[in-house]
Amino acid sequence: MEHHFKNLYNRSNFVLTRNKISVEGLLSILDKFVLKSNINSNFFINDVSSLDNYKKNSLLFIDKEIIPSKINFSEICLITSNEEVYKKYLKENIFLVSNFNESFRNIINFMYIHEDSSDFKDEFSTINGSHISKYSSIQKSSVIQKNCVIGRGVEIGKNCIIKNNSVIKNAIIKDNVIIGDNTTIGSTGFGFDLKSPGATNIIPQIGIVYIDENTHIGSNCTIDRGKIDFTHIGKNCMIDNLVHIAHNVILGDNACLAAQSGISGSTLIGKNLISGGQSGYAGHIKIGDNVIVAGKSGVTKNIKDNSTIAGFPAIDIKEWKKLIIKQKKNGHK
Amino acid sequence: MEHHFKNLYNRSNFVLTRNKISVEGLLSILDKFVLKSNINSNFFINDVSSLDNYKKNSLLFIDKEIIPSKINFSEICLITSNEEVYKKYLKENIFLVSNFNESFRNIINFMYIHEDSSDFKDEFSTINGSHISKYSSIQKSSVIQKNCVIGRGVEIGKNCIIKNNSVIKNAIIKDNVIIGDNTTIGSTGFGFDLKSPGATNIIPQIGIVYIDENTHIGSNCTIDRGKIDFTHIGKNCMIDNLVHIAHNVILGDNACLAAQSGISGSTLIGKNLISGGQSGYAGHIKIGDNVIVAGKSGVTKNIKDNSTIAGFPAIDIKEWKKLIIKQKKNGHK
Amino acid sequence: MEHHFKNLYNRSNFVLTRNKISVEGLLSILDKFVLKSNINSNFFINDVSSLDNYKKNSLLFIDKEIIPSKINFSEICLITSNEEVYKKYLKENIFLVSNFNESFRNIINFMYIHEDSSDFKDEFSTINGSHISKYSSIQKSSVIQKNCVIGRGVEIGKNCIIKNNSVIKNAIIKDNVIIGDNTTIGSTGFGFDLKSPGATNIIPQIGIVYIDENTHIGSNCTIDRGKIDFTHIGKNCMIDNLVHIAHNVILGDNACLAAQSGISGSTLIGKNLISGGQSGYAGHIKIGDNVIVAGKSGVTKNIKDNSTIAGFPAIDIKEWKKLIIKQKKNGHK
């Protein structure tokens, strides 16, 4: 269930570079937040990346203790607010900061101009009733219906149908995909900093949505862009109306999600999911392959391959049915 | 609670005919799927129809055992994957096929060009900021606000208000109807074939949405077109925001559906429903007249007239209240 | 938790005056509904107002028994269908009517031309791909993206970003607010009269939505206008995608509402709410400050400050967790 989508896209197609950043620049931006640091002043910073998809010459923000051994620390610079992490890696390129979210926000907003920056720029042509960014790329065999907006960097493959009034930004869409009317792809995820709430303090979202081939997305859905990397929708998925998929979700191939379902941020879902209407998934959980989730379920924890679950919190469907019968009996006592 | 809406509309207003089909053509398309057949080679095929609304000279796809005796088999040709059905009607015009969904898909896609075909065509005029199909019909007293799309075949009656950014396709809308902003009417239903998943294998949807007079639909709702016939919204209905109504649903007159409710495919609902927010209805169930459903309920089975229900699975509200009290007591033990 | 937003806006910016109304006119409109009345024929009627925000020279519709003593009855005219209310205040300017909703509807529709009147008028300029009312006011530093509709009377403050395909009507939006794509602000609330259902009998909605500074609203959300006064979203709120907020809701500062949540009409919510995805709130309840609501909860009653709740009906989260464990044990018996 791990995902290996390295170098899937070029960030600079979607966000603009505001400033190049050096180690010195970093120290100056993080100024008041830096508690301790150890950094090779020659370290060269190109981008920000994530544990799942870390890149050479990038900043890696890690708030939790576990860091895989596969990282080559000479290639990256860690920024953490976790003392244990700092202790463990204090010989590497590393910063210990007092305010993790604010550090992230300040660095990203220094480096990039993203969609929620007031000076973000895009340029559109009006083609056949829709606004198409001059910096997007759409294969000729694909149809864009009316009143759509296709934003900067977007790539749309062959034989796609993008239905009316849909907004597609920060997204790569492969061949044979259908996107329903009034759907929003690539919007800003729910990245809020509860310590400093509000629109101007949003945790910047600079990733994309990747929709693999032959997937069908219904009407009035929302799929948020990844925070740093991507939200990934597999091949042959079948997503009904009014479905919400949050940032960093990985949805496996052949998923079938009925209407009004919602998947919270960073949840990983295996292949062949079948999920009933109005079901919900907590964030940061892992769902195996071939899982069936009954309608209106609330999935709160990791689920093994080949499970069939129901209820809230969702449990094995046989257990759930027993429970319902038991409750009914007890109600009659 | 049966519905009798025969000849409600002319399919050819909404979908284009790709090919006329003969018995020979049928045999050639179904080729590899036909297990057995008995067909009068002079049988003339005009359309596809459904059990609830079957038409002369049509193909009737039946997957289940029960077929009402009211069918005049000389008028239709049955296509089934069910051996029992085949045995029972083997003297009629009938095909036994190995792959029901794929047979349906292949036949429909041979006969019709529907919205999810890449060669579907419509022609629009831009009127007052909205895109209006040249093949639609809108009464003069109705108002279409900005950024709407009104598709091929759509009929809109008198004194309607279609609010901004709404998409209306494959629909007949009677007098005095209000449709809220950003709402999608007549989109493609959730017709997926789990055996061959994905956008290119979608089970074709060629029906319409029929909205009867004086109904009010809120903002950001989705109402899917019927698979073969129609999704029917009765008179005087009051539908709140973010409500989903799936294909083939029949919603009776005077229904009052609060926000974020969802009704799954082919569910039939009687008159005077009152349904609280975030309630959900399973597919293929029957809800009687004068039913009240508490908010957040999940209705999983047929419900009798005059019931008041709550919970998930929804039960009589008095039973549900007892259950809640009991649970609370047990929790304190 | 009371709100004091008097004179927050000028109604005439949003609705048009159809007719001035006098005491005589009132008697003539209410004609068949008036059971008893006592009215100073010199009483001058300017507007309709509500208990929470009553204004001099207004009509006040009160259906329930409790009326705060702070009202200066010489300044207003009460309209009630409640005999007890009438008895208590029969020496004041007061009408006892037989049909409360129809009286309200008839008076409002006589006095005002609102959005759901077929003769409502607005005038738009098409600016940069969006339709902007000539009667709206947008600060220059704010960005309106593509395919938006900004309606009559709308005020948008500084440094706002209104994303693509959003509809904003009947709303005042303060500085630094971000509104996501395909979102509808200021739509008509779910004001239905079950006795006379349907679009033409809708209970008129003539209030606005007020969104305070630095609030972020996601994609495909719906926020309904107040019935008479306003729906109020506080400062620094963080509202995710597909969220519904009904008419007359007051949402306190710093609220954080995850995707697919819904708040029913007239519910008052204190500061610093944190609310998980797919949670729902009944109407007319009061939620205190610093409340945390787990995902998929259904909040059915008033909640005290500093509570953490879960489940449906939502209870203290510790109790809920015990209940879940108990249920699991019982299920295994």
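The letters A, B and C name the chains in turn, as written, and every chain counts its residues from 1.
As a working rule, a residue touches a chain if its C-beta (ideal position, glycine included) is under 8 Å from a C-beta of that chain, and two chains touch if they have at least 3 such contacts.
Source: prediction; values computed, not measured.
Novice: Mind checking the rotation angle between the two copies, subunit A and subunit C? C-alpha superposition, nearest 5 degrees is fine.
Specialist: 120
Novice: Would the interface of subunit B with subunit C count as same or different, where same needs over half of all numbers used to appear in both copies?
Specialist: Here the answer is different, because the shared fraction of interface numbers falls below one half.
Novice: So how far apart, in whole Å, are subunit B and subunit C when each is placed at the average of its C-alpha atoms?
Specialist: 33
Novice: Would you mind listing the residues of subunit C that make contact with two or more other chains?
Specialist: Expected reply: 147, 165, 182, 220, 242, 260, 278, 327, 330.
Novice: Which positions of subunit A touch subunit B when the two form their complex?
Specialist: Touch residues, subunit A against subunit B: 129, 141, 143, 145-147, 159, 161, 163-165, 176-178, 180-182, 214-216, 218-220, 235-238, 240-242, 254, 256, 258-260, 274, 277-278, 295-296, 324, 327-328, 330-331, 333.
Novice: Residue numbers of subunit A touching subunit C in their complex, please.
Specialist: 116, 118, 124, 126, 131, 147, 149, 165, 167, 169, 182-184, 187-188, 190, 192, 194, 197-202, 220-222, 224, 242, 244, 246, 260, 262, 264, 278, 280, 282, 298, 312-313, 315, 319, 322-323, 326-327, 330
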